[in-house]
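In the two complexes that follow, chain A is the common piece, with chain B as its partner first and chain C second.
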Partner chain A sequence: MAVVRRGRLARNRLYLAGLSPAAFLLALFFVGPALWALGSSFTNRALVGIDAANPRFVGLDNYVRLFGDPDFGRVILNSVIFVIGSAIIGQFVLGLGLALLLDYAQRRGFLASNFVYAAVLLAWVNPTIIAGFLWVAMFDFYNGSLNTGLHVLGVQPINWLGQGPMLAVIIANTWRGAAFTMLIFLGALRTIPTDIYEAARVDGANAYRRFWDHTLPILRPIAALTLLSITMATFGTFILIQTLTNGGPAFQTEVIALYAFHEAFQNHAVGYGSTISVVMLALNLGFAIVFLRWSRARA
Partner chain B sequence: MDEVVRQIITRRRFLQLAAASAVVAACSPSAVSTGSSGPGGSTAAGGSAPAGGSGVPPSSGGGVTGTINVSYPDEAGLKPKYVEQAAAAVKAQFSGADVKIDLQKVGDDDFYTKLLLALDSGTGPDVFHVGGSSIGELADASYIEPLDDYVSQWADWSQYPDAVKSGVTYKGSVWAIPYGLDMRWLYYRKDDLQKAGLAADWQPANVQGILDAANAVKNAKESNVLPYALYAGPAGSSGTADHAFVPLLWAYGGELQDSSGKWIGDSPATKKVKAATEKNVGYVLHPTETGGPSFTIGGPGTCWYISSRSANKQGAWEFIKAFNTADIVGKLNAEDPHPVARKDAADVAEFKASKYNVDATAALEKAKFVPPDPGYSKVIEAIQKATARVAAGELGPDDAAKRYTDDLTQALGADKVVSQ
Partner chain C sequence: MTATTIGDQLAGPAVSAPPPRPKARAGPVEWIIVHIAFVAISAFFLVPFLWLLSAAFDGKASAYLQLPVEPTIMNFVRIFTEHDFAHVLANSVFVAVATMILVVFSVSLAGYSLSRLDLRRKDWITYAVLLLQTMPISATMVPIYGLARQLGLRNSYLGLILIHAAIELPFLIWLMKGFFDSIPRHLEEAAWLDGRSKLRALYEIVLPLARPGLGIAAGLAFLSAWAEVLMVVILIDQDNLKTVPLAFYEAMRTQGGYTEVQFGVIAAMAVIYLLPVMVVFFAARRLMVRGLMSSTRGL
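The block that comes next holds the complex of A and B.
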């Protein structure tokens, strides 16, 4: 057995050597901190006060507190609304729509399609923090682009971030993330040979039938993977919301990643903040397992 | 309602957020600490003290050598020249000493988080500059050095009024040296009040007087005027507590702590404050509900501290002394208007030139100081949550006052919270 193992090791030496930098970095920056957070979640570790000088093991106290914390219920609800609004409805549906439109336009050689493509892509290649500030500039009550536009039209200004904060962050995240879905679907659409549509047209299928009977079935496996990956990415959203509302007003946009950060670094309750991030990690692992199962089944 | 909510995203917050991503990247100890174990980082006077030790008696006039690492945040840019002036004075006095200045151009909250992470990992600067309200929680965490032995040999300490000394004293020890005190006023816009038909030298007799004036402004329907701005929620930082909740609480005859030092959760006064937040109306010395004696809310302001893990405590103390001269304290507070922490600084010509400064220093007589208790930051957190819920219309005043009690109990323990 040992001989076989050594043989396999030797055979894969180059492969393992190639893998090790990534594995090392993952261990250092992901597995290590995750284990640290898990350990920390069983303590009352803090950044200030007596608990900072002498952290104690508190068992499952943090978890008991978290599941009885009315704010946490609110945070989970916010996260779900944010994911459904910006990932599933926003990025996914809008991204698919954009991909279909662009594919249609490109197949017919419309020059404008390149500009649309570039515009959508620009939203995506910007660093998140830039996207965040851009939307702060859009939503600002006094000098924001949106209210300036409304003023020109003679409409009263709207307090976007005060009265509809969740909608505002959903719009911003949709704007930013739709490009990813669009790119994936655009790639998939290009793999569909034009003859299929030609044949369908000859058979008398209208545009709706061509989409429903041919385009959609081909996109379905890609769609599932895209949906899962943007759900996971959106669930962990932090920078964009922190820039726009920092979870406010009054917790209305406090999502799970922000709540973990605020408890650990604003309220200095590192143990409790770790507990929140461990729960977040568990939820994301759940998504990842579904994701992996799905992609393996398709492979 | 939206006017209050709108206040939450301030320009200041905007800037702090810009720095936030940098904070995450800069959390490595090297970002804050330039290494207090620099070459020759021991003092000639006391040698290297054990971490968290109760201080090594400094020898006055002893030679200071090695690097002194100074770290402080400043966004406004008023402090650097005085910090550099103090550093130059230390270097001129002690030929073997070097001062490394780490100016962090970030907001106070972000600086504090970075500092705590560095202190928690056993590094950090020798001497640093954060708000006086942190004294209790920093002392309990053994991050800071008690300064009793240092101030006892410092003649200038007699220039500090007892109220100021008490503001930096916790568990019987002095922990930080303040220079500019905090003072909260009720600010109002003369022009907007006049447009609403009120006198330019408006003076409310009681809390109702503030609400009446705010309603008058509101009814005048000037565009872009907020009748009464109150911080609410976590984005207001400690301002939610010090600038809005606490003054109103005191105005309504409430207290933060009872005579035994327990934190008061639900009381008639907390309900009224939350109701005032809800009414969202618009803010001279702060009057009380019944027209009783007016007051200001005071605090030690930003102070200089010495890290308990510093390898050069004597050097750190020399820097603090060099910064807190009557001259620097007077000039800095003339530029960045705050009442001066030491009495002789009020005689500095630049400081005396402003009527506001003289009025503010005189008003200190009426100052109520917030307690330097480590629980205060947790109380601030509970205040933020409670005011946010009311401002957003999520809870009524009664429910919010009850949740305030629940949050305090959760944060501080049931034995430390009472209802009245």
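The block that comes next holds the complex of A and C.
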């Protein structure tokens, strides 16, 4: 018995050694930066000059400044609008609609559904910075496809990136991310056998009742988890907005990740930028803990 | 808790083949309505890509969607002559291949060790990795810049490769753990009894059986390192170290404002940047989708 035990301990020690290269990388680039941000948030660390080499400890000054900063209030408001608009309304509603439509079409053997499915996925697998570039062209005032399309419908052209920049970035992010929600709900819908609908139809249930009684109960449990994970993903959006508007015009699309970046690299206030990063990480940790609790409750 | 990544938690069935099931009947009216919706959806998702293709091969490209006015491959020639793209491409391939090798090495050790580790609190590692998976890299951009500067990892491929590997690790560790879990332990135990060392048993007996998993890990690591842009922007500012995402980022940033955007040249760059992504997308769509779904990190 003792020998077996010793064998197990020795093997575990080897396995822990096997984990160490990965653990080292994760510690260095996930845990390390989080601690570095926390440390820097208590200093006046700058990008250049004397405060870059020898940052001074300033206690909670950065946090006091942050919570009294009217720009930060605006940034939080922008982030909330962006998350609600592009994740909760845009991606979730469009993704759910696409899943229902594609599932309906697949159950009827419409071959074109495979094509539509691939088209939606294409927007999602494509690197985000390319998505930004594509939408710069789509939103172009004189030649962009969006205004061309509106012209065909008899609508006046819209100065998307100048007059309605928040709506523009919301549209672009909805385009990019609807596939995620679609995939999840499509997976859930596939578990419903077609016979249930047939039986309900025979019993005289209309489409609305069939959806309400049979489809919705299957979708509801994962809806909350899906919403939470797209909220987390959208909350961290950076490169898409940077390529489209870079936070402007007049701060209208400055979301939290852009604000941290601009404070650190344009205003050279690395300490202050780190403080914003810490707030971001803390909010994200909160979301993640809720996510874990909900998914454990489900399991 | 058996599902270990966010993608798995939400979408088991979405990535596996749908079960065969009886087809429902469809009337002509249904067919027409569904296909009108399909045309609208496909247009929304595909028009940006159609424009990209046309612009890349147009000598007079604008934001307007049309067949090339002046069909040419000059845009591609120009990125190689004016933007030194051959060098940039070589850099990108080097970084992506090195990342791939590092990931395969660390993830096969870590996945195997985690699979065989015999600890009561192994679950906790699951939760820790899930938390890391939700950490937005846009939130750690500022601290990673600061940390890399202090460690001398800026403007060095070592830093870039280590970070790209770290970003992919949380998901791939769990993916590989799954593969190793399915390989019976008695195979390696027999090899130990034959007098092979633990490492040799892993290398000669276990890894060959896990080859499909290693292939997936290698492909996803290559693709992620190829496409990732934030860390490159933060870490590299020397021209001779530039990779494709950075060249694309810079080409975009120097445009706009009051100058005329060189859509054709940037579109040509985007096409080359997209090429490996498209190849994997069409060759191994399920796999790629699974890899992407595992992360909620906003980019």
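Here is the rule we go by: the second predicted complex is superposed on the first by the 262 of 299 C-alpha atoms of A that agree within 3 Å, B and C clash if a C-alpha of one lies under 4 Å from a C-alpha of the other, contacts with A are read in each partner's own complex, and residues count from 1 in each chain.
Following the convention adopted for this analysis, contacts are C-beta pairs under 8 Å (C-beta built on N, C-alpha and C of every residue); 3 or more make two chains touch, one makes a residue touch a chain.
Because the structure is a prediction, the values reported are computed rather than measured.
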{"item": "Which of chain B and chain C A:243 touches, first, second, both or neither", "value": "both"}
{"item": "Touched partner set for A:267, first chain B, second chain C, both or neither", "value": "first"}
{"item": "Partner chain in contact with A:67 - chain B first, chain C second, else both or neither", "value": "neither"}
{"item": "Which superposed partner A:133 touches (first chain B, second chain C, both, neither)", "value": "both"}
{"item": "Which of chain B and chain C A:212 touches, first, second, both or neither", "value": "neither"}
{"item": "Touching partner for A:142 - first (chain B), second (chain C), both, neither", "value": "both"}
{"item": "Of chain C and chain B, partner touching more chain A residues", "value": "C"}
{"item": "Touched partner set for A:162, first chain B, second chain C, both or neither", "value": "first"}
{"item": "Chain B and chain C contact sites that coincide on chain A, given as residue numbers", "value": "129, 132-133, 136, 142, 239, 243, 265"}
{"item": "Contacting residues of chain A [partner chain C, same complex]", "value": "8, 11-12, 14-19, 21-23, 25-26, 28-30, 32-34, 36-37, 40, 45, 98, 101, 104-110, 112-113, 115-116, 118-138, 140, 142-145, 148, 175, 180, 183-184, 186-188, 190-191, 193-195, 197-198, 222, 225-226, 229-230, 232-240, 243, 257, 260-261, 264-265, 270, 273-274, 276-277, 280-281, 284-285, 287-288, 291-292, 295-296, 299"}
{"item": "Of all residues in chain C, those that touch chain A in their complex", "value": "1-3, 6, 9-15, 18-19, 21-26, 30-31, 34-35, 37-38, 41-42, 44-49, 51-52, 55, 62-65, 105-107, 109-110, 112-114, 116-119, 127, 130-132, 134-147, 162-163, 165-167, 169-170, 173, 198, 227, 229-230, 245, 248-249, 252, 256, 261, 263, 266-267, 270, 273-274, 277, 281, 285, 288-289, 292-293, 295-299"}
{"item": "Parts of chain B lying in touch with chain A, wherever the complex brings them together", "value": "2, 5-6, 8-9, 13-14, 17-18, 20-21, 52, 109, 113, 116-117, 120, 134, 136-138, 140-143, 224, 232-235, 374, 377-378, 381, 385, 388-389, 391-392, 394, 410"}
{"item": "Contact set on chain A toward chain B in their complex", "value": "46-50, 52-53, 65, 71, 129, 132-133, 136, 141-142, 159, 161-163, 239, 242-243, 245-252, 262, 265-268"}
